[in-house]
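Next, two complexes with subunit A in common: one pairs it with subunit B, the other with subunit C.
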Partner chain A sequence: MSHDSGSSAGAGVESLSLDLLAHALAGVRDPRDRKSCRLASRAFARAEAASRRAARVLRREALPRALRAFPALSSLDLSACAGLDDASLAAALPVPGSSAEPPGLLLPVRRVLLARASGVGWRGLEALVAACPRLEAVDLSHCVAAGDREMAALAAAGLRELVMDKCLGVTDVGLAKVAVGCPGLQRLSVKWCREISDIGVKLLAKKCPELRSVDISYLKVTNESLRSLSTLEKLEDIAMVSCLFIDDDGLQMLSMCNSLQSIDVSRCHHVSSLGLASLIDGQRFLRKINAAHSLHEIETCVLSKLSTIGETLTVLRLDGLEIFASNLQAIGSTCKNLVEIGLSKCNGVTDDGIVSLVAHCCDLRTIDVTCCHLLTNDALAAIAENCRKIECLRLESCPFISEKGLEPIATLCSHLKEIDLTDCRINDAALQHLASCSELLILKLGLCSSISDEGLVYISSNCGKLVELDLYRCSAITDDGLAAVASGCKKIRMLNLCYCTQITDAGLKHVSALEELTNLELRCLVRITGIGITSIAIGCTSLIELDLKRCYSVDDAGLWALSRYSQNLRQLTISYCQVTGLGLGHLLGSLRCLQDVKMVHLSWVSIEGFEMALRASCGRLKKLKLLGGLRSVLSTELLQMLQACGCRVRWVDKPLVYKG
Partner chain B sequence: MEGRMTSLEATMKASSTMASSMARNADPDQQTLRSNSVEQFYFPRPGQSLPGIPPFFGPPSSSLYLPNDNEAKFGNQFESNPSQNTDWDPQAIVSNLTFLEQKIKQVKDIVQSMNNRENQVAGGSSELAAKQQLITADLTSIIIQLISTAGSLLPSMKNPLLSSNPAVRQLGNTLGSPMGFGMNANQRPSVDSKTDIPDTGKTSDYDELMNSLNTAQDERDELIKCPNPCGGEGSEPTPMEDHDVKESDDGGEGENLPPGSYVVLQLEKEEILAPHTHFCLICGKGFKRDANLRMHMRGHGDEYKTPAALAKPTKDSGADHAPVTRYSCPFVGCKRNKEHKKFQPLKTILCVKNHYKRSHCDKSYTCSRCNTKKFSVIADLKTHEKHCGRDKWLCSCGTTFSRKDKLFGHVALFQGHTPALPMEDVKVSEASEQPHDSEPMNEMARSMVYSFPSSSSDGISNLDMKMADDVRGYFSPLSFDPCFGALDDFTRPGFDISENPFSFLPSGSCSYGQQNGDS
Partner chain C sequence: MAAAADSSGDGGTSSGEKTIVLVSSDNSARFEVREAAALLSQTVRRMIDEAGADASGDGITLPDVDAKTLAKVLEYCNKHAPASSSSSAAEAAPPAEGEEDLERFDREFVRVDMGTLYSLVTAASYLKIEGLLNLTCQTIADMIKGKTPEQIRKTLGITSEFTPEEEDEVRRENAWAF
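Presenting the complex of A and B:
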């Protein structure tokens, strides 16, 4: 496609209007293809710049240019922007109120993603809010340092959506700032903001009547919060994962609110079937229920109430509960429109139960029966027979499943996109059957030690759309299998080859043909060296995450190649590698997107080596894993600098153990 | 708070008895030895244990957080807080001690001369009596000088050293008490036993002595009671009132005794406002508390030292027959005045006092923190000061609240109001990194306090507690309120100081790394 656009781009393209070109470009989905278009013709580049709605900025140096180049930008993703801090953010944004600039120059951005942008504080947010008058949604999740002042800065924007998961400094005061400043708030997530209490939630419920979605997971709130939230007339979606002070009374209070569509009470240990039943009772639109790991078992009171919402309920997650065949039968007969059911780690799930469940639920697309040890091929046969639309099957740790069960699945369910067969003792014959699922995107075969290159050849022959392949500890896999995969499944983005110890540099040479590869895990591949890593670095330029832990033979040569070619690398694990301070320093100094490095037990790197390398990369790193002993020998200025840049260091005290 | 005060008073009493026993003790050698040992308290050398008092001076380094840095730490504290050093003047103390030494010698000479004269029995009885009176007067003045000098030593000693080195404090205390006991139990002071002073002369002189003793003690109390003499707030010495018996209201409310079922007493204004209520029948000295009077009475003779005399007077002795007594406020027109038609009597004298001061007196005590709130009862001021500045729940409209839920209720009620961020919040981002840094310091303070063997005496264990506060207070010259946590700006100087001692360490040292990071 890119070549078509490119070759036709000439004087003719230039004469077309930007609107038309933008319309044409809208049909081009793949970002790589769009890039080809941009490179082929200035007209396309202009059209794209003018019509571009979303941008994901990876480096802070590129931010000012990106903001200037895309005037129609409405969604800005800064979550992976390396080294972003208040100063660089404020400098990139236009300053409002300056007389020279007309108001039109302010950014039309509505949505900003700042997840894990730990360097951004309230000053940056104030500048952002001032520069983006139309700002509606902000995601500040995992900015652990963010507190009330940050929230006060955001509250000035009058947001509709705000996600502040794990903003650990936010207290009731910060929440009150948001509640008062954003009366039109529709979606709010305060997951893990442990300082927020009932008082804050009460004010929120009073000040933000438009709230539709609230996530109060992991808060220390009590039933009082649910009483306050039940006054919200438009509330549709409520999540309260692991709210340990909430019990049945709270759910009873919440049932006053009858517009609910989705309830998540997972891991609320004090919630029982009775409370859930009372909550379900008044509802008419309930579509999702997640009661995983909360109730001990599902009792008849809940099952009987399910009939009132049987028509609407599509998602039911009951992970970790005691479930019997009779329960599943009751669920199947009442909730005929179920699309997804989660039964992972449920004791008592048998073939009979699954058979009676799927007999009525023919719309099921996702079935999660992870760790249901009793299931056999009969259950799979029943699923294949009844649920032809099945897309996702999670069968991890179902030891009685074999190729005989997978055959009907593969032949009857042509829509299958994801299958998890981790730890399932299947063999190449099963893969031969699965190869007929040409839509397959995700295939997980971890711990299936009996599959070999032959199975991979089957898969690669027909599953060209495969995006994720997990071969964790498939120790029979060799370089030949990888050659087949690389030739047949060009779209693979995530590849896990940990502990496939037979793989050598030659195998990695094949892997390097996967241009779209973003995540590659090569843990404990003792035979690979810097040569293999070099070929990966040159071939897989999109690489974002690389795990080289315990690749004992990987040396500086590999790091040199990575620092030269893997400019998108964000996450790197090189613990136990045979690298020196020189290579490390060069690596950390030159990779501008690198944010998360785990480097434990680099016995060849001196203290000065660590010091220099960390200093070289100081402003960009967000997460570090280092040996605990280094803490006392690294200079305090360095540690302070790291802290000031929002980098969190995890000090580990593990003994030096060589495996493999 | 009260516990702290009483323990302090106990300390002071112990030390005053120590001083008086020193004064009366006629043995000069022993005296010099004593004063030497006193001198050594002021120059403690870590690791050196004093003869005779080993347990309190064990090597402190063994239990301290940072071995071998004890001295460096103290030195640094002095550097960082030079204002605290002003009272600690070794030269002044040395001169004071020399003065003491001289005076003790004088006392000894006089007593010896008295001894000689007694043996002679030459002159007439009247002449002897006159001489004895003269000598006693001499003695009295010398002893007063002695005590006041000894007393002046103590406040200067308590500032830097007492707060930084609990051992000194404990030493002073424990040294004091056994000597005091020794005086009471074993030997009568030579002045009393050897000279046969006529009763008439004795009482008056003795009264003077005791009075001066008490006044000297009072002076010291005044000085000691100011808990942080060098620090910013709270440095104003505050006279102590009966703040322990704090009535929530003026009392008598809701009692509803039928009129006539009780006797109404009305004290006069002067009586109510009198600083003392308990007076010594012998010397006339006034006290705020009966217990203090009883302690005082011990000095007037053996008959006041019996357990019966020292015991707390039992209230129920005649309570069955005595009519119920209630009190009336002397202010005419007050509801508490018996003339008022809806008269509500006051339950106790204390109620009367507090009521009269609160309702009919000027509010002369101003809060030193906010400078706005005024009180007429000092206990009210103390209560207020405990909470003053804690109204940190501030609304954008400027209203403050002591409780978060009240603020949020206010915010919920009014459109556009939001909780305001505290002013120092800007610094919190930096300050929040500090607390774990300061932790080792506090821990060190704690280990310092508890590393000393606890004594059997209650006063000393109280002192331990006091020291825990004191050490902390010392780190921050401004008042340190632990409840404020990292939010309080006042804690900043404390952290600054606590950081300094570590800067002496080599950065590579292991202990530093372990303490500072979050594991």
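Presenting the complex of A and C:
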């Protein structure tokens, strides 16, 4: 579309009022585009702020300003806000009822994400609830110290959605507070909150009749909980992964609920085909069933019941079960609308089974046959022939799949977005075929030692949308292959080059051109030095995660560059690198978002060096991995400080061995 | 262009439908359009309701819309107007043309210079024509996609009044706050 710049005698953009400009900018969704708008002009910056619905704040210093600048803010993501604690959260929020703040200035925020914000406790949550009268949804997962007091604070908000996975301190008491305070609760997830028992679930079911989605995975609850949940008339979605005290009787009780759309009983070792069959019986809306690693084998009672939901069933996961060709034939003929099938690690899956399955299920978009060792290229031919809409193929560890099998896939399945060929015996010809899949986003080639630069040249010629590339232990890859990738696949965000030992600093210079790179794994690249790391640090400004374990030649100079340029870095592994105490101190002191550091066997760092470096990190670190021997030599004061700041330390005892 | 509506003569279109006369802000142009087309504008609808039966003779003056923009707006309305002319059904009835046809028309319709586009946005907002407002706003949003700030300024004809310090601060915020 060609448009003249505003040189004609028409109106200029200044003629648009702020509201109109905000309305126009509301249509700009991509976060990077919105950032560009903010830099275009003052008016644009104001309009962008006025129309912004979602914000993700990375620094706690920016929080007060962010909350005041976005009057239309609906979703606030604080899960990556480094160092966020009660004091800073409360200070940033408007206080209701104070003389300076009429209620109208309270925040319109409806959804707050606080996953892993371990510094936030009940004080901060109380301030949050008071400042956001429209608050509906909170995600507090992985705040392992959160307990009943935090739940009490949230209960005052009358929430509709609450995710409290891994809030290990929560008991039935806290759950009861939430149940009573949030009668309109529709979605609740309490995965891993193992203090919760049947009593808590019973009260929950009684007080929250609107519940639609419940996740009780990994809890020690029994069938009684299922009896309680079965009274929920609107229940659509239930997950009970690895609930080892639940068995067939419980599923029978749950079958009273006939509005179920999605059930997940994976890893429930005491659930058998009979139980699953009785649950499916009478359901009319069931769309998803995940029974992975549960039933030992799939019996006819279940297969016959599948025919009653054959029209609605779209997702079926039976990973880890014994499945034979006749079973797949039965599934295919009854469940013709399947969109996703999971058969990873299923013994007994053969070409015949896959052929008969896909002959009926032409709408399949995801097929997972990881570790189905018997499959050959014939299975791929059948998939290509019948499932033209296929988007995701997981073929890890299928040793008889070769490049020949990928040819029909590449030719006939133009929608392919994700393919996992880890540990398959394929060569560059496979990549030559796959190059025609221009929609490809994720390509996993780990352990494919026959892949070389030639293959990467093919891929980079046409797969411009590629976002994730895994070349773990593809030892034939050299710098030239990386040159091709960097020029053809500019949108790559995740790149794994571990053990591709031929790569040198020149290769990393090419990688530095990937501006959107966020995760980079470079384990055991013994030839790279600080020069390569410097170019990465300067070029890849979005870098969040970097793994340099066993890069023996990387020294202080390289890490100095990271300290200076990689301000978004959150996770770093520098075990076995040649860093000294000075470099380490600089690193931990400068990177304000750094939360997770693995530094085992830093032989050049003295004890004083560790002491100073860890103190420099000032309470920002949340996860640390250190050599076990240090535990007895680091000062108690330091260890206490780390603990007080919510940092979890893992002490490992690994022998000092040089590889590569 | 919409000048054709001018010459359609008095007393309505050939199908005998009721028509409404709309006058631009500077009184320089009068446009006679089908009622169904004119009623796509909530503002016109309200003006007619308020004025009663008298207004239809002199025409309705739109003080905030100039002739050129009004002509273009009416081009849109004529195309998107529903087939039936009954005012109560005007919102519920589907447009006379097919959907693909309309999409093609919309794409061509917004191929204008920026000045006209901005005038259309303002006019659509004033006249409260939801479809046109969404179309023009989305066009501006689409023009921003994938561009650097400098490119945005060039395409949309903006001058940046940022001081270097202000610009730095916005860049810092971009890095930390999102």
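One rule holds in what follows: the second predicted complex is superposed on the first by the 641 of 660 C-alpha atoms of A that agree within 3 Å, B and C clash if a C-alpha of one lies under 4 Å from a C-alpha of the other, contacts with A are read in each partner's own complex, and residues count from 1 in each chain.
Everything below uses one rule, namely that a contact is a pair of C-beta atoms (placed from the backbone, for glycine too) under 8 Å apart; a residue touches a chain by one contact, two chains touch by 3 or more.
A quick note: this is a predicted structure, and the numbers were derived from the prediction, not measured.
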Of subunit B and subunit C, which one touches more of subunit A's residues?
-> C
Answer with first, second, both or neither: which of subunit B and subunit C does A:172 touch in the superposed model?
-> first
Can A:124 be said to touch subunit B (first), subunit C (second), both, or neither?
-> neither
Touching partner for A:180 - first (subunit B), second (subunit C), both, neither | first
Considering only touches as defined above, state whether A:12 meets subunit B (first), subunit C (second), both or neither.
-> second
Using the touch definition from the top, say if A:275 reaches subunit B (first), subunit C (second), both or neither.
-> neither
Touching A:147, do we find subunit B (first), subunit C (second), both, or neither?
-> first
Check whether A:631 is in contact with subunit B, with subunit C, with both or with neither, and answer first, second, both or neither.
-> first
With the two structures laid over each other on chain A, which partner does A:38 touch: subunit B (first), subunit C (second), both, or neither?
-> second
Across the two complexes, find the residues of subunit A that touch subunit B and also touch subunit C.
-> none
Within the complex, subunit A is touched by subunit C residues 110-119, 121-122, 125, 133, 136-138, 140-149, 152-162, 166-167, 170-171, 173-178
Of subunit A, residues touching subunit C in the complex = 1-13, 15-17, 20, 23-28, 30-31, 33-45, 55-59, 61-62, 65-66, 567-568
Subunit B residues touching subunit A - in the complex, by the definition given at the top = 404-405, 408, 411-412, 416-419, 421, 425-426, 428-429, 432-433, 507-510, 512-514, 517, 519
Contact set on subunit A toward subunit B in their complex = 121, 145, 147-149, 152, 155, 169, 172-173, 176-177, 180-181, 199-200, 202-203, 206-207, 628, 631-633, 635-636, 639, 643, 651
